[in-house]
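Note that chain A is present in both complexes that follow, paired respectively with chain B and with chain C.
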Partner chain A sequence: MSEVASEVIREMKREFKVVGKSVPRRDGIGHVTGKTVYVDDISFPGMLHLKMVRSPIHHGIIRNVDFSEAEKVPGFVRVLTHRDVPKNIYTILCLIGVGPDEEPVLAVDRVLYKGEPIAAIVAETEEAAMEAVSRVKLDLEELPAVFDVEEALKPDAPILKPWGTNYFIYEGHHCRRVRFGDVEKGFAQADYIIEEVYNTSPIEHAPTETTACVAKPEPDGRYTVYTNTQALFFTMDNTALILQVPFSKLHFVGGTVGGGFGGKVDVITEPIATLAAMKTGRPVKFKYTREEEMRVSSTRSAWRMYFKDGVMKDGRIIARKVISYADSGAYNRHTPYAVTKHAANIAGPYTIPNVYIDAYCVYTNRQPASAMRGFGVTPASFAVECQMDKIAETIGMDPWEIRFINAYRNGDMRPHQKVVEDATLIEVMKAAAELVGHKLPEHLLKMHSWDREKA
Partner chain B sequence: MAKLRGTGIAAVNYPTGMNLGGDPSQALIHATTTGTFVISLSSTDLGQGLKTVIAQIGAETLGVPFENVLIDTADTDTGPHCMGTFASRATHRVGNAVIMAAKEARKAMLEVAAEELEVSPDDLDTDGKGNIFVKGSPERKIDITSLALAAHFKYGRTISGRGMYIKPKSPVDPETGKMDPDSTEAHACVVAEVEVDTETGEVTVISLKSAYEVGRQVNPALVHGQIVGGAFMGMSHALYETTAPYYPSPDHAPGSFSEYIIPGPHELPHIESVVLEYPSVNGPYGVKGVGEMTANAPIPAIVNAVSNAIGVRLTEYPITPEKILRALEKSPKVKQLAENRS
Partner chain C sequence: MPSRIVAFNLNGRDVEVMVKPLTTLQTVLREHLHLTATKSGCRQGGCGTCTVLVNGEPMLSCLLPVEDIAGQKVVTLEGITPIEGLHPIQQAFFDNYAIQCGYCSPGVIMVIKALLDRNPNPTRQEIMDAIAGNVCRCTGYEPILRAAEDAARRLQSA
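On to the complex of A and B.
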């Protein structure tokens, strides 16, 4: 037995007093009895409500916005436009060095997706804010829109980005690349070439609690923001940057979220609600409706993945080439980062000596995609695992066996040149087969992730 | 027509932590006058139970009862920085930060106890029930409340600790894609059993049986909760959910739960799972992470099971009844059934 394996076994046998015990969760009773306080439960005297004027078209030029009828609505307090936002064009990943700034808090002269915020209206009640929004007259010139990732990359597609392309640029490259071994040589040696294209559609996070915050001016000149963000400091720091206020002016409170799934790591409600609180001197609530959550808030991106595999008669995959397109929608948000994670995982948990990956982050006139549970790995797992079944079917092998034969082991090199350290794919497959009563052949049962059996 | 049955499998990996690292989390711990330990964070609980598992990790390292540990989160004025709850990172990152802070606080606690019991700190241990005792003579002990009172009012000593964890940010080679995208990898294998109604195109998921390997489980009930919740979410993604039902067309975008279909409790399949524990090298007590992955493997397992049932390989999701009915038109299995009937 290897040293690592015995170390793992020693660690497995370690005894604990509290870790490993199913102690009841402390917030469980509050959650199931409806007593937990969520952001929408928070209210202050004199609190105003904010609603967005949104683009009714997928792509267009803003010629004029007329607020005159909206201002007449009883309870109307004020409007905020891009001119009110100190640093209106932002990108949330600037904090980890991803740029350039490219998304407006409020649209300037162009809209890139249906639902894009154009102006914010603050009113005494939610109803008054909605009524005022409905009376804003938009004069827009509609432009051709593009919704398909491959259409968006064609030379005649409408260009959505100021830098002149409809894709994110990765250190001078038009996609995130992975190059490992020689994929063409692998294809030449392979007994089978197996190709397929896999598609996924955009998905909404569908949290129980919609995205929301309340921003409240404090007597000491600071602002407290109650929010259901998944990342408190990330949201606060981005808010301070957008509003160009000292970080110490802001105080964010949160920590209890009614479902996140990645949908609450965009910085969407806090900057504009805090700005509204600054401009009015009153607490302001901005809460997404369910319709906004579905039609406007970020989705999981849709993906299209072209697979080409070179496979030997004995089941070994010796070459894999994948061209992937992530539909980022109109703006970056977290998608450029998700594409990099995708590139690291699209070869799957299998050891393949020759791998070639081009993963594109593509812009379309769709509501922006962003982070979601599985962040670029979900589509990868989907495509890889469907492809494994297709390979098994094509070469006439059992779907379990094809996975065992190719499963990565500790010490193997992955296509992104990281050595596998803690593989247990073979172990979970053995356990799952046992659970469902599927009898695995002896040669598969002998395998494990720590050492390769001698040939 | 007929009801066709099929099974499908999927085996997946899932990386822990923000891609490429560079995502720190901190924790501060202090004891109150009466021996309650407050762990200050700015981390967020999404409903997965972070506040509970972090208290367990803190109690374990401090050597005090779980009931003596409070989690104070998330307030940017009082809680130190946390990158956020995403990327299956919170238990791993925050847990490591808490262990570091708790070790420092435990050291201070044992030093005060050593003065009270007139022994060396090295001779002391905790019983996890609220006492610090002399190794080898457990009757020589001091309870945590007396100890904290003495620390505050007799010795003027703070029982506190600071902790931080970061996996340093690593670059990607733009030419080859060489990178270090994860701290550790968890694994799962899911077996789905489905029944397809060839008349309506509807899929009934009969069972989702899975084996997970997630490193050390801090709280098995909460891990089980993630597995069940993820299985249901994955099933919903495989069969129903999308904001663009005719993608890439943007038409017919749903705006409410009457149009954006999520299955109800009556559609919950039989869910069964086993959990293997191979502790990770760098996670707190060997934790890996189980946050995101449980919704991943069910999707291809279900799609593979439907492909297996109807004899046509499906290559996209969600596989709505409309898509299945269109696929069935190409199904040799269904043609055979129709011919047998006529």
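On to the complex of A and C.
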């Protein structure tokens, strides 16, 4: 055994206080006694409630919004429109260095999805706020809507973005591209060409606790914001930028999240609730109803992925071309970033000498998609592994074998120009086989990630 | 319509609340009495996070007008939590990691309480049937089943 290998094994057998042990949960006692304080459990004397006036249509021009009947509802306090928002644009992308940001906090003259917020109503009680919302008269002109990524890229599709395309522009390109080797040459040499298309649907995170926050004015002129965001400081930064106030004006309190799964990173309730607290001088709660959580909160984006693989009789994949489309919905949120991650991962954890990838971030009139558990990568893994099974079946090879043969190893070059380090695919597959009681043949058991067996 | 006074027994104590017609028990607990262990995941009977016991039976407090339980006995998670330490069911949930985000836990624990009061030695299937109305979106159902079985053992040996 090499010295490195014995060192690794020594390290694995070491006893730690926490690693490899079950330790009691710090928040567990609060959870089993119901003493954990979630955002909706917080209330203050004089607290107001905020509810959104939302678009009932998928795409349209806002001609007029009439609040006169809403104002008559007992308990109505005030309305907030785009004119009240100091910088009426979400700044999610600029904070992760992607851009451009294009989603208004409150719609200005156009709505791009059903449920898009047009105005906020603040009232003494939640019921009064809902009642007032129901009495707002919207005069909208409906426009044609598009719900399919490939439809959205056709020349006659309604254009949703001010820059004139229904796709995100990556450094001057219409999609995120990866070019590695020469796929056409690979296809020409291949014994088999194996093509398939994979689709995934949008998925709602559906946390048991809906998205919520409470913003409270403090005597020193600051605002305390209690929130169940998954990204506390990111949300504070966004809120400060939207409200054009120094960060020191805001004190964000969070960390207790009743389920998030990526659905609570979008910075959707805090800026407007804080603005309402500023405009009224009173604490304001903004909590999504279950219906809002399901209908308007972001989802995992839907994907369509076209695969074309060139495969040799011995199982080696020598060329892979993928054209994929992410449905970002009406706005960017985190999808342009998801597409970049997708492009880096859609070749799979396999070493393929010729790779060609075009990954599009496409806008449609669906509710915006955003982060969810490995977003961009999880749909890629689904497609890649279905494709691996299809290849195995087509060429008549064992599905384990096909994966071992193509598995990436330390030192291999990835299509996006990164050298593989610390690969563990082969080791993980061996462990998985053992766990499910599958006996792998000797020649596969001899393989490992840290070098290649001599041919 | 005018408000009226409703009296009931809450966690062994008589309480009176002044409510508008159709105010739910959930609203009374959370907003009038500030007892927030009873959660509010949907307010439409779909998630089970608001479960409380009414005369020992698990009920969704979000669907229950408080007037309907006038004079009856309500027990919430606060009512089974000892001043010090934990109820055996709570201890079993804690020890078996049957909690992730914890938002479903109060409802699930109350359902298990009702089940074990009625059936001290339930089968796995009976536990599954009992929690059929409780959504755990962190999908910790397996630890929840283990915790319920463990709780049954603890209560029987107590």
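Points to keep in mind about this one:
Throughout what follows, the second predicted complex is superposed on the first by the 436 of 455 C-alpha atoms of A that agree within 3 Å, B and C clash if a C-alpha of one lies under 4 Å from a C-alpha of the other, contacts with A are read in each partner's own complex, and residues count from 1 in each chain.
Criterion: a residue touches a chain if its C-beta (ideal position, glycine included) is under 8 Å from a C-beta of that chain, and two chains touch if they have at least 3 such contacts.
The shown structure was predicted, so the numbers you read here are calculated from the model rather than taken from an experiment.
By the touch criterion defined above, A:188 lies against neither chain B nor chain C after alignment on the C-alpha atoms of chain A.
When the two structures are aligned on the shared chain, A:22 is found in touch with chain B and with chain C. Once the two structures are overlaid, the count of chain A residues touched is higher for B than for its counterpart among chain B and chain C. Once chain A of one complex is fitted onto chain A of the other, the partner contacts of A:159 are absent, as it touches neither chain B nor chain C. Shared-chain residue A:35: touches chain C; no touch with chain B.
Looking at the shared chain after the overlay, A:425 reaches chain B, while chain C stays out of its contact range. In the superposed model, A:290 makes contact with both chain B and chain C. With both structures placed on the common chain, the touch criterion links A:61 to neither chain B nor chain C. Within the superposed three-chain model, A:43 lies in touch with chain C and out of touch with chain B [touch as defined at top]. With both structures placed on the common chain, the touch criterion links A:259 to chain B and to chain C. Overlaid on A, the two complexes show chain B and chain C touching the same residues of chain A, namely 22, 24-25, 27, 31, 206, 257-261, 290. Contact residues of chain A toward chain C in the complex are 22, 24-25, 27-38, 40-41, 43, 205-210, 257-261, 289-290.
By the touch rule above, chain C contacts chain A in their complex via residues 30-31, 34, 36-44, 46-47, 49, 76-78, 81, 86, 90-91, 93-94, 97, 99-106, 109, 135-138. By the touch rule above, chain A contacts chain B in their complex via residues 8, 11-12, 14, 16-27, 31, 58, 96, 114, 147-149, 151, 170-173, 176-180, 196-204, 206, 229-234, 236, 250-262, 265, 290-291, 294-295, 299, 302, 327, 337, 340-341, 343-345, 348-349, 357, 364-367, 371, 373-375, 377-378, 381-382, 384-386, 389-390, 393, 399-400, 403, 407-408, 415-418, 420-425, 427-433, 435-436, 438. On chain B, the positions that touch chain A within their shared complex are 8-15, 19-20, 22, 42-47, 49, 51-52, 55-57, 59-60, 63, 65-66, 71, 73-77, 79, 81-87, 128, 169, 172, 174-182, 184-185, 187-191, 209-213, 216-222, 233, 237, 241-245, 247-250, 253-257, 260, 262, 272-274, 276-281, 285-286, 288, 291-293, 295-297, 299-301, 303-304, 307-308, 313-318.
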